[in-house]
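Two complexes, one shared chain (chain A), two partners (chain B, chain C).
== the complex of A and B ==
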């Protein structure tokens, strides 16, 4: 896959559900359509649910990578609302 | 005049501790009540009851403090708002359901349609003892399917479609049973671990899953004086008509074998779960 240009990064490991999703959503709102946000999140509930919530909001999930510290990074591309 | 309590109970009128007062149970299917019905229920509760209703543990509504001599007037008033009395006693009870896939994003089946269908098929059918159906839309089990004599839980049977997969890895983590592995761009699902929750497919950004919706049916749950969870016989039933045949077979088995006043679980224990399972498997295999 071609290199993905990351426009911004948000860390949601310091909040719990449902704020996780809200924090990611707010960060995404700052971006232009087509730009990619990297979201760092914890294992468990966030990684089980946040990617799906992004999809349900109509954004395009590109990849979910496991980080060495046990967290995950989700790359999501902003779509039109 | 001698009061026929059994007949009243059958008609949904539950005797209260207050002499001559009855709590009228209403017919509710799948937990849905229209605004029109609610308005009429409110009116009847004000006029004939004491101005309050009770929401029962199984999604019914009861109007307490109805007087014996006003029963016919109450029924007539309710009928104007398309509200009917429910049932109690030894028969098929209120069919309960969660919101299912008509409303809930997690839903795998249309619980309300199914509740209506089962209600049409069995409502108030006389049996040796009460018989409860409960329908829940997915593994989240908001409606607690296994508490019921016959519980139905919606599920999705999933098959990965390689051509649409971008290898993002979301499904691997969305799966709560760790049934999915992703290696070298290929997904494998361990059928031993998969519980048909459908979360992989619902989370997948490219919808790279073929899904078949179906039912996980459990038998013999009770949640009263005695507590036991219903257990399935067939892991997943994808055919709707077959589901109906299996429900028929379970009810027939109960009608044929149960002693009066015996819940399904105790019939299964006494007659033998293996005998029942054999009958259900036969229906499943031969239709």
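== the complex of A and C ==
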């Protein structure tokens, strides 16, 4: 499998709902269509809601990986403006 | 211009909306809106536009805050009595949101100054309480090709419409000339329920926001009326043919601004 090129990374572990999604959304808006954003988030509410909200906005969730420190990293591809 | 973390949090309920996003919020922050009249309509409109982060808000009113204003003009407080309304409004808006730059015009708008004032703005809100001002604002906006929101309130009723150049009728297409003197009572004579300004002024703010972010359908080509006692809204379709209008028609006969005689309330700002 070809390696995914990450265009930008945003850390949303320092904020709570709904700013978690909002912060990720703002970062994604800065990217071009087709580019991939990595989002570092806490377990629990962000993991449940942020990937779903990204899908609802029409973007493509590529993967969600657990990190060693208990956080998760979401890779999301921008699909529309 | 990137949004700061504080802005992302302040405007999070906007940014979360698909129709707004960071892009729409930046449009709001870069927008310039002029509110004419800091009264019953202008007060709620100004508060919502300031809270929304409209970057530059102009506010025009020649009056000072009076005790009898406070029943409906929610941007002013008891401690503001005697202060110019534009100053009181500016303080309230800046207290809500330091992102907003407020420009005050403590004067009546007339045929001599209105074009020079509106030229710097993207959208204009008519929050005045008298027909000379309403016709002056309409004609000036048509001539300067500026979109604006008309509104009027009295007793338990209110109405509004939106003019966008080239996209439907102007106020004069619908109301050709001011009514005869004393044919229509002023708010001072007739009274107005306080929340009416909140309903209609907030709808004006909504039209301004939609225009700025470029989303949804505006009240162009229709007049929305609200009757609080019967609790009914009516959306009246206006004639599509604007060609015979004396100001926005194909052969305009009004080519200079008119200062109709002011016989009603003492000033703008219902």
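Just so we're on the same page, the second predicted complex is superposed on the first by the 80 of 81 C-alpha atoms of A that agree within 3 Å, B and C clash if a C-alpha of one lies under 4 Å from a C-alpha of the other, contacts with A are read in each partner's own complex, and residues count from 1 in each chain.
What we mean here is this: a residue touches a chain if its C-beta (ideal position, glycine included) is under 8 Å from a C-beta of that chain, and two chains touch if they have at least 3 such contacts.
It should be emphasised that the depicted structure is a prediction, and the values quoted were computed from it without experimental measurement.
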Would chain B and chain C fit next to each other on chain A once aligned, or clash? fit
Here's one for you: vertex at chain A, rays to chain B and chain C, all C-alpha centres; what's the angle to the nearest 10 degrees? 70
Just to be sure I read the superposition right, which of the two partners does A:4 touch: chain B = first, chain C = second, or both, or neither? neither
May I ask you to decide whether A:29 touches chain B, chain C, both, or neither, giving the answer as first, second, both or neither? second
Which chain, chain B or chain C, ends up touching more residues of chain A in the combined arrangement? B
Examine A:19 and indicate which partner it touches, taking first as chain B and second as chain C; both and neither are also allowed. second
Considering only touches as defined above, state whether A:61 meets chain B (first), chain C (second), both or neither. first
After superposing the two complexes, the shortest C-alpha distance between chain B and chain C, in Å, is 5
Which part of chain A faces chain B closely enough to touch in the complex? 43, 47-49, 51-52, 55-56, 60-66, 72, 74
Touching chain A in the complex, chain C uses residues 2-3, 5, 8-9, 12-13, 15-16, 18, 21-23
Flag every residue of chain B that touches chain A in the complex, lowest number first. 105, 166-170, 172-174, 176, 199, 202-205
Listed in rising order, chain A residues that touch chain C in their complex are 15, 18-19, 21-23, 25-26, 29-30, 57, 81
